[in-house]
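Attaching a single structure in structure tokens format; questions to follow.
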Amino acid sequence: MSRNFKSDNVTPVSDAIMAAINAANVGTAGSYGADEHTERLRSVAGDIFGTEVSIYPVTTGTAANSLALSQLVPPYGAVYCHEAAHIATDECGAPEFFTGGAKLIGLPAPDGKIRPQQLADAVALALELGVHHVKPAAVSLTQATEWGTVYSVPEVSAIAAVARQLGLPVHMDGARFANALVHLGCSAAEATWKSGVDVLSLGATKNGALCAEAVVFFDPARAKDFERRRKRAGHLWSKLRFVSAQWLAYFDGGLWLDNARHANAMAAALARGLQGLDGVHLLQTVEANEVFATLPEATVAALEAQGFGFYRWPMPANGSSSTHPPGVAIRLVTSYATSLAAVQDLVAAAERCGQRLRGSGHDTDRVP
Amino acid sequence: MSRNFKSDNVTPVSDAIMAAINAANVGTAGSYGADEHTERLRSVAGDIFGTEVSIYPVTTGTAANSLALSQLVPPYGAVYCHEAAHIATDECGAPEFFTGGAKLIGLPAPDGKIRPQQLADAVALALELGVHHVKPAAVSLTQATEWGTVYSVPEVSAIAAVARQLGLPVHMDGARFANALVHLGCSAAEATWKSGVDVLSLGATKNGALCAEAVVFFDPARAKDFERRRKRAGHLWSKLRFVSAQWLAYFDGGLWLDNARHANAMAAALARGLQGLDGVHLLQTVEANEVFATLPEATVAALEAQGFGFYRWPMPANGSSSTHPPGVAIRLVTSYATSLAAVQDLVAAAERCGQRLRGSGHDTDRVP
Amino acid sequence: MSRNFKSDNVTPVSDAIMAAINAANVGTAGSYGADEHTERLRSVAGDIFGTEVSIYPVTTGTAANSLALSQLVPPYGAVYCHEAAHIATDECGAPEFFTGGAKLIGLPAPDGKIRPQQLADAVALALELGVHHVKPAAVSLTQATEWGTVYSVPEVSAIAAVARQLGLPVHMDGARFANALVHLGCSAAEATWKSGVDVLSLGATKNGALCAEAVVFFDPARAKDFERRRKRAGHLWSKLRFVSAQWLAYFDGGLWLDNARHANAMAAALARGLQGLDGVHLLQTVEANEVFATLPEATVAALEAQGFGFYRWPMPANGSSSTHPPGVAIRLVTSYATSLAAVQDLVAAAERCGQRLRGSGHDTDRVP
Amino acid sequence: MSRNFKSDNVTPVSDAIMAAINAANVGTAGSYGADEHTERLRSVAGDIFGTEVSIYPVTTGTAANSLALSQLVPPYGAVYCHEAAHIATDECGAPEFFTGGAKLIGLPAPDGKIRPQQLADAVALALELGVHHVKPAAVSLTQATEWGTVYSVPEVSAIAAVARQLGLPVHMDGARFANALVHLGCSAAEATWKSGVDVLSLGATKNGALCAEAVVFFDPARAKDFERRRKRAGHLWSKLRFVSAQWLAYFDGGLWLDNARHANAMAAALARGLQGLDGVHLLQTVEANEVFATLPEATVAALEAQGFGFYRWPMPANGSSSTHPPGVAIRLVTSYATSLAAVQDLVAAAERCGQRLRGSGHDTDRVP
């Protein structure tokens, strides 16, 4: 039983997806996407999203995000996103690289969800500076967010409405799109293009695939020359059938939704288990498959000592997210492969640590 | 008498500098810097800074800043600067362009001056994210700052000490370096390399030149291949003698310090005149040649109607600078060419407007 | 029996490599390379090359080449390579993208192998132009070459000696390195760092892997910050164990050499079979797993009609490779998965076509 | 009397242009182009070209060329130009930098003028490689060419017709446009947009200005966002009035044509004088203000010893321009400021050298 809650990318590959990879390994096939699996993916993706789409498989989320943004934004452009967006903090400047130097403008929001008015204000300020400032060029939403929350359909629509008015296309970083989707309970169409999303970075790797990400354009005209961008970034695979086969298995029979549903349920169970404990505070509503909480330092240390894997989460020193509860902030991530037993194991361990602390007269809330 | 306080770049060229340009216009000369004026500038700059320097004339501040940073920072690097730094907000992404995609990390500070601890904290946070985050690579200070304040020598030294410990070179954006220098009253050496500055973008255009900026390396070894960077950015002039001649005249007989001293004195006079007026609040200590103040909206509008030129200054909606006094924030800039009469003219006009307002029962502080 | 000779990337995955992928799919593992497979690869690669190396797995050859070059070359640099080098013609400008704009200088050579004197001359010409020209910064050799030939060890050494004298590091594009190595019959060490190669792009995908390429630095000091370059290009996999597992299986028991040996033998058999036919001319010595030949247009068309897959190969209109024999130039590629029966099938088909042509009084050599 | 024939950029500034700079130095003026001179330039440029144009003053030819190309070409694009084009060999990779990595495809042509069929062939080859190759995106012609020749109006039109058919915009590098124009004897309109040129880099610096280059768009719609490109490259001057004033003086009363006519006449005189001498061979028809010739090594050395300034010109080792006459190739450039006496002085010196050589039994044509 794994004690690794570090990320949903530490997991193995879903059996059905691995089976599909093996099944694709027969005979020769056209390279660079001229194969039957990739061909089939195009029509399957259309079914999934309820509209014709242009879908380009790649193999990392950073590639999907950066390629997507490079298609939307000129080198002198600005991308508006949450200040903690993955594209802004965890991709080592990939968006700047792929766009040729565009700037990410981070907007603060304690729940990870930017607000329409923030976008409008930030763009207005930029336009006031005219030619001396980068040109507002796109907005990027992370769904589910970096804080494990989920934009509702009306929330996405409201931001997209402002964006449309300002002439900005809307990008969605959907590294955990399936987790958001099962939370929302709506169709993939409603969660994306019907809400105003123009381009989606769709991830499967965190939800059971080996290496399957994709850029999905809801207006194929926006994908002009995208193939060359993918190629020159080294992201056009010669044996692309093996990525497309993963996608087909991922969508087949709703595997993607089943996997995400399970991951979300495990996060909910984890949150329920933890929030009853002394000295534990949930930092965010748990809507997808991530739990952010503060725990007493001693508890955190004890869990680490017992081999539980998770990240101590850096809380920004300035800005809006700063007034968090006492203790050490950590992030726990569940996945399709997380068992209920593993969740209970962690909760029980945290409880035992807390009891020991109180037994020793430790005032948990005083722990810095 | 000019009513234009918009910027120190609306001014004409100092007589001595224009004379030098005319004097340089004799016969043929080696192109691309192989001329006598440029040769002479190298030794004169050494005298000015009290050490051997590598100086590269260019013709805009944006070029000087961006070329300097591109020499210090890899494409996957981070530059720490004030959140309102010119490089971050007013150069249309030039640093990102020249560095190949490096990221500027803006640090808030109400007086425009970043603090050593902020730098240390921000770098520590970045390093925690490891390979997923851009690599801390340089710090950039604006001297005088965007808010018209001046880092003291100990302030620069303290930041540079932290930077050195972290392995980061220190860049100084000296678009208004002369204004800062006469405020400090120290030598150019003390204000730069003796305080830990590695590379200086030195500006003359705002202080009387036609088009004279320069990148100054205090360690010539840092300038390796810089010539090619300047060339490929289109900033190597064929008739460079005409830029170098400006620099020689600028330094000659202390013209640069005289010009800056006058500009600063005019700003001080303007501040003194305004701060006595009802409803006027200075936003910053006036240490160089810029005055930031809030005035009643009606006064601002009246001044504009009378042909006074200045910028209504956007105040950030979030962040540390937000709790400013009521009224409209404006920026007034003086220069070597600003006359005391022009300053008195503006103050008198503001006073008249204020009196009229009060006469009409207007509560100036209520103006939004 | 496959009639597809288009490329060695149309093949399926070697059984042993697919087995290794399946075997790696157990339990959680550290992401981004913090896993046991990747750890083990580091020491195995050292054994293979007979020296400590820094090896970075990626998943496309374009990524390996471009990342390697970006580590060696500044944005204002020049890379010297063969005019038909994959990096110059088949990667959609990836090297320019990753290096931030460096220039590839293509040198002509009819057999695909640049000569030491060409390099010396080209660099001398560049240096004469000084700051106005890109700076000579690296040389890149393709091994095996784009023309299916192989640089001998002394040939590599001679170029590397010139490069070292000029201060240029040597990159080797080893997309088909194993094919070259078994032809040379020397050790991997002799074929690379002992001959003066500094960085190797090592490919396995064309030789039996699913998606395994790597950048190998023979001097780990050259790899400084390379991790960040890989990350920001979107080429750092979260589930990297699945790439490293391919590499381990590839090297294990000499699979890589066995696969390459077979591919080369099939190309040799193909060449022998074709060169006896009327109207067929081999364009290059067959030293690896590619055959370039001219055939009568009617034969080529007939083979295409019978479902044989290969590329009609564009011959440069100008330059040194232009005086090729009459007919249509085609490229045939063999692989680890090519059967002798498939080779005989193609040769027999070509022979039949030729006989029919002669029977019909067609003068094969007149076909344009 | 100057013996400097190195370039037309070693010259001083035309009196009328320097006078205009001085005259512009009065009072304050709007910065960044919001001044009367720049305003006026817009309408004057329209008059000069006989159509509405968008004109953007910059101060180096490299900036003008690279900014223009960056507007026309995506990062994954190809620019077709002569193999010796200034953009390809003398701008240190600036086009690659500004475009974000586009590739220049150099086409050979002994007279410096590419042919329509060459363009068509090169594009066809590129398209055959599809997504693996950079996308044909623009053609760039140098007028007058790097070899001192001039494309006729029909020649430009024929290339532009091919380009239009292929969907490629046409850029003209007009660093010596005035010299070409007076040779052609047609209108500026006929030489540019009426022949199919879309964007012109127009130079004045080599023809009497201090620092005046410009990008001219004949279809203002093509200039979208160009202002931001100029800004972020550091090429938007704050005191732009001083560049625009040069342009106004340059066009005023036909100064530009007078200057160019004189420069061309001096080159013609030089060519006439030299071609009569023993051992001297003109390498190109002299149509603008440059003379390329081979002279005996001893003559060249003697001229250098006497203080004459010119470049020994590197002749390509491979390619079409290689079969030049014996001797040393040199380039001599005349300008608006070259006197007939200076030309006669050089010719006389060359003649004396030659006589001395023959007197000494030297076989001039044997000199390598």
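Per-chain numbering from 1; labels A, B, C and D assigned in written order.
One rule holds for everything that comes next: contacts are C-beta pairs under 8 Å (C-beta built on N, C-alpha and C of every residue); 3 or more make two chains touch, one makes a residue touch a chain.
These numbers were taken from a predicted model, which means no experiment stands behind them.
For chain C, the chain whose average C-alpha position is most distant is B. A count of contacting C-beta pairs for A-C and for C-D identifies A-C as the more extensively joined pair. Distance between chain B and chain C, defined via averaged C-alpha coordinates, is recorded as 52 Å.
Centre-to-centre separation of chain C and chain D, using mean CA positions: 40 Å.
Separation between the centroids of chain A and chain C, computed from CA atoms only, is 36 Å. For chain D, the set of residues that touch two or more other chains comprises 75-76, 91-93, 97, 100-101, 131-132, 134-135, 228, 231-232, 236.
Across the complex, chain C is touched by residues 2, 4, 6-7, 9-13, 18, 21-22, 25-31, 58-64, 66-67, 91-94, 97-98, 205-206, 210-211, 228, 231-239, 242, 309, 337 of chain A. Of all the residues in chain A, the ones that touch chain B in their complex are 75-76, 89-93, 96-97, 99-104, 108, 121, 125, 128-129, 131-135, 314, 316-320. Remark: chain B residues 32, 74-76, 100-101, 131-132, 134-135, 225, 227-229, 231-232, 236 touch chain C in the complex.
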